[in-house]
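Okay, structure first, notes after.
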Amino acid sequence: MYSFVNDYSESVHPNILKAISDTNFVQCPGYGTDDHCKTAADYIRKIVGVPDADVHFISGGTQTNLLASAAFLRAADGIICAQTGHPNEWESGALEVTGHKLLLEPTVDGKLTVENLQHAYDINSTVFTPNPGMVYISNITELGTVYSREDLEKLSEFCHSHGMLFYIDGARIGSALACSNLTFEDYGRLCDAFYIGGTKNGALMGEAMVIVNDDLKPNFRRILRQRGAMLAKGRILGIQFEELFRDGLFMELAHHANDAMTIIREGIENLGYDLLTESRSNQLFPIFSDEILKKIDTKYQYTYHHKTNDGRNCIRLVTCWATYFEQCHAFVDDLTRWTEEVKNNK
Amino acid sequence: MYSFVNDYSESVHPNILKAISDTNFVQCPGYGTDDHCKTAADYIRKIVGVPDADVHFISGGTQTNLLASAAFLRAADGIICAQTGHPNEWESGALEVTGHKLLLEPTVDGKLTVENLQHAYDINSTVFTPNPGMVYISNITELGTVYSREDLEKLSEFCHSHGMLFYIDGARIGSALACSNLTFEDYGRLCDAFYIGGTKNGALMGEAMVIVNDDLKPNFRRILRQRGAMLAKGRILGIQFEELFRDGLFMELAHHANDAMTIIREGIENLGYDLLTESRSNQLFPIFSDEILKKIDTKYQYTYHHKTNDGRNCIRLVTCWATYFEQCHAFVDDLTRWTEEVKNNK
Amino acid sequence: MYSFVNDYSESVHPNILKAISDTNFVQCPGYGTDDHCKTAADYIRKIVGVPDADVHFISGGTQTNLLASAAFLRAADGIICAQTGHPNEWESGALEVTGHKLLLEPTVDGKLTVENLQHAYDINSTVFTPNPGMVYISNITELGTVYSREDLEKLSEFCHSHGMLFYIDGARIGSALACSNLTFEDYGRLCDAFYIGGTKNGALMGEAMVIVNDDLKPNFRRILRQRGAMLAKGRILGIQFEELFRDGLFMELAHHANDAMTIIREGIENLGYDLLTESRSNQLFPIFSDEILKKIDTKYQYTYHHKTNDGRNCIRLVTCWATYFEQCHAFVDDLTRWTEEVKNNK
Amino acid sequence: MYSFVNDYSESVHPNILKAISDTNFVQCPGYGTDDHCKTAADYIRKIVGVPDADVHFISGGTQTNLLASAAFLRAADGIICAQTGHPNEWESGALEVTGHKLLLEPTVDGKLTVENLQHAYDINSTVFTPNPGMVYISNITELGTVYSREDLEKLSEFCHSHGMLFYIDGARIGSALACSNLTFEDYGRLCDAFYIGGTKNGALMGEAMVIVNDDLKPNFRRILRQRGAMLAKGRILGIQFEELFRDGLFMELAHHANDAMTIIREGIENLGYDLLTESRSNQLFPIFSDEILKKIDTKYQYTYHHKTNDGRNCIRLVTCWATYFEQCHAFVDDLTRWTEEVKNNK
């Protein structure tokens, strides 16, 4: 069995492991005050083009989102979020636990539009509702779609002209940059804060929160501590981001992930299967009949997404920095053969 | 400069690093459902003598304490804790953020007594106070002292006869077991829940929460997720505890840490210096004059604890699994020489 | 202008005001420990048929709901609630602030069905979602509809066979009982907890939380205090519920409110106007053209609910214990005349 | 039995009751948007000398304090507070539930000094502690003592030169103003926010939060709603403060309360009894032997405060707007006689 379940099935890129090993017995100060964290933060400030950004290293994506919610918002604030957004469907209520209601908007493909923001802003305008204080999006979205530069510019403009913060969950920012016209600098220019996801792009664990808006910077490290998010051996996060951002490894791995999925996607499209959304990222949501799915089950692992109205099956396939291209080709070959078999049986 | 600042200055025991490396490209399911976590949990259930205990792996100690507070308590509950306790002085208000007030008790040496529990229970008996719902202790305490088996038995008995949970922070449980008559089984027998600290005893990061009381088990994993404490690559915690508990490595490292401090302690005692508390653990709180401290500053790092009433300086020294015995001997030799020098100057 | 905006436009029933006045200089113990609170609680225990129910008096409905959420749930729990439910649309995120996510279900007419519960239960079955711990409904709903005894029995059965609490917001319980086959005893029999709303049925302020489930009783008064919901002069709540429940005043006022709306409803129905939902309660949601609404605006106040797809206007009318029947007749007469005028203009 | 237990044993000043009665059937908009609230807020803005202050009416003191904590602070902030402060000893953990740790300071007589602030500021200066974000005091304190104008000026100056908010709990502000050189305008000048307590000075319930600092004003009403603190019939609070502040009734009642206690205090001092603290307010903490206390128990109610080290009994006596002067004289007469009797028995 080969797994296309997610982008954290393997462990860590060998360069990172070597760097951890090489520095193992060097004594470092704790809690992210070591030189590795400092250097990694410098790399990131440079690549996002914000020399005075604050950069903090955090263990996971849900943790980073809840820190954003806890640290950046005031008591009355709610968070505008797609119904399919990660905080609504995958975080077990983490943002609500920080005391902030999600102001949910339906979307076609996981992407919030300016119309969504306007609607949420309008219906949350009384004392009986939270104040729409922040917009949350993830790019890549949970449905594999990507916001372009123009998309982000429109959302950013709306947020900042309506007194709302704009925050981007970059759990899969590598994949987003590798399949769009976006750059890290666009994030630095358009967001109040965002994070760069390491866990899904070659790190053992680790996300880099980048705070651009000065108002959001004070006391963030106290909040890290307060929410249990400050590792004693913070070096372990610093070393990883140092490796990922010293010589371009981060984007190299992201391109690998997308390229792997391109092999699969082109194969699936050639065979004429439907896709739930248009995706050039490392996530794909193809739709298969029961018969095909039964055959896939014999050799591959994936995530079941939903039963379509006409009785077919939408599944999620994910590739990553560690996916073997040969396995992608093998999947396409298998699917081609199985498609033929199913056709002949009819 | 050599650092005795804490027990997380170095990174990770080489055996663990090797195990991470060996399994690097093996695909594992995420979120702690992999076989490494299962095996490690089995080792721990066995060693604590509670076959049906729940074991969860968590990244850090403050995170583990806040999960205990969030998961185990009801809304009205407060937590009895020493004024010098970790949650009061070192966690930036993490437990209060979960909605539970600390019911603070003064102590002589960082150890809560049954008299403390009785007092806290009595003064928190009205609707104007939280319900005393849980007793928090850490063993080793923040002052380097250790609760013996008899100490824990008394506290446990009081808690359970007064409807309170008994929770032990085992960030330094290895050091505690290595310098007392306690066993892991005592913890399993006397607590409702406790944790086994990996971060300060050879792991990159990682604590193992052991839940003994059945009432506290349901939905703990949902709470892990909700508080941002569930690593996608949970294997990284499982592998570490597998290594630490397969063949006794955990206690081996703990003994090393205590033995290293024994060298230092005996040297300091022989030179006639005062100690803040009696400690056989890996933490020592010696008291030095300004002149001696100035000399120590030239070669060693430590944590300054407080200025004594008579103008001397109480500092904290910590050793760990990675401390070189030679460095401990060197410290004693240096201190002996400096003591002589200071004496002669007078 | 006469207001049909809500059922709290007037102040307090004269009997209650007299009772407050009569006892004004009697010294009472504070915080709800006075004899008025005791007597009122006894009346309520009797009428709901649960001799050992706990009864607590609280100032307002949102406060009561947030106390239920805070006190009854464990950390992992979410709350199943209609999308149109009061906590989702009218409480400014109060329940989320207690740390519990709303698990929202769409409904046709504001009433949750067993199918809703099953759906919410099924999709919230993983560690990535809250535990469906409680079902919240209000009866009368926010759309004026009422759950019958059979409806509540089905929901109750589902909750209790699936390990979920069943809680009913009775802000308008009087109106519900006055227009359905339900009795107070049904609530006592079917719920884990519910509240009896005084604010909207003749009291200055005040809701009576009735806790039936023994597990939910401990320390509720500490939580009252902790959430700022314990009035120093608790007598003021006790006296009101004493008056409302001594001789049947509560249901008398509820019938008056429904009877007032019946006058309006029958008039509107006779004129052939559409209604958003079928309602026999003190809330009605008629749909009017722009021309009619403009005429209504000249003499009456109401709440605008929404613009229908075909461009008409759904509004909310509310009557209460203090509504004059003559005003209801006047409204019908006016509407009849305006309807004729609009027809003739076309 | 006559009760000196507290200043909320009686109900409400007759003028207020009359005003409630007079307006009973007038329809008002809900939630504090009525004209009574507007007029009352205007009176208060004028008396505190801050024309653009925000004024909100709230049901109780603990509720007001928790709203201050929730609304005014950021996530990292803690609250400097005396160990004897109301939030630490009487609020069942209400402020901690809003997510903010109390940074407790010992005091001699319940009053925080600049030295306390400096100490708390210094020891809470690392990432391991909350940020000292606000100073809480109550004036009158929980020990009956009063901060003078000079005291408040010093604290205010320290707060504002150290980036901390200064908040005063005025549950007994009437008594404070009536026994010191302070004016309402001093509060308006020195605080970021404070509240004027009605519950303990003649109202049924009600406190007026006065927000002076512009940064703290946005969305406060949403937070009122979110915390369940917004009464549907908000008029009931507006009417009361209208009565209290239209013609000086508020201070008239406060003087009455203090004058009543002056009778008792002078009697007790003349008889030579010790007092715990120096108080000119409506609270007194005399110290009596067991024999005297047993006699007091036969005719009067009070609050037991603590057993002194030498075995005597410190109790709390409280007077209020409704205390009969004759009862105060009677108490002094009784105490004089009992003192004589006890003396003769020896």
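As written, the chains take the letters A, B, C and D, and residue 1 is the first residue of each chain.
Please note the rule applied: a contact is a pair of C-beta atoms (placed from the backbone, for glycine too) under 8 Å apart; a residue touches a chain by one contact, two chains touch by 3 or more.
These figures come from a predicted structure and were not determined experimentally.
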{"item": "If a chain touches subunit B and subunit D alike, it appears here", "value": "A, C"}
{"item": "Pair joined by more contacting C-beta pairs (A-B or B-C)", "value": "A-B"}
{"item": "Intercentroid distance (Cα basis), subunit C paired with subunit B, Å", "value": "50"}
{"item": "Chain centre separation in whole Å, for subunit C relative to subunit A (CA means)", "value": "42"}
{"item": "Whole-Å gap separating subunit A and subunit B, where each centre is the average of the chain's CA atoms", "value": "34"}
{"item": "Of all residues in subunit D, the ones touching two or more other chains", "value": "75-76, 91-93, 97, 99, 127-130, 222-223, 225-226, 230"}
{"item": "Residues of subunit A touching subunit C in the complex", "value": "76, 78, 89-93, 96-97, 99-102, 104, 127-130"}
{"item": "Subunit B - residues contacting subunit C, complex", "value": "31, 70-71, 74-77, 99, 127-131, 218-226, 230"}
{"item": "Partner subunit B, residues of subunit A touching it in the complex", "value": "2-3, 5-6, 8-12, 14, 17, 20-21, 23-30, 59-67, 91-94, 97, 199-200, 204-205, 222-223, 225-233, 235-236, 322"}
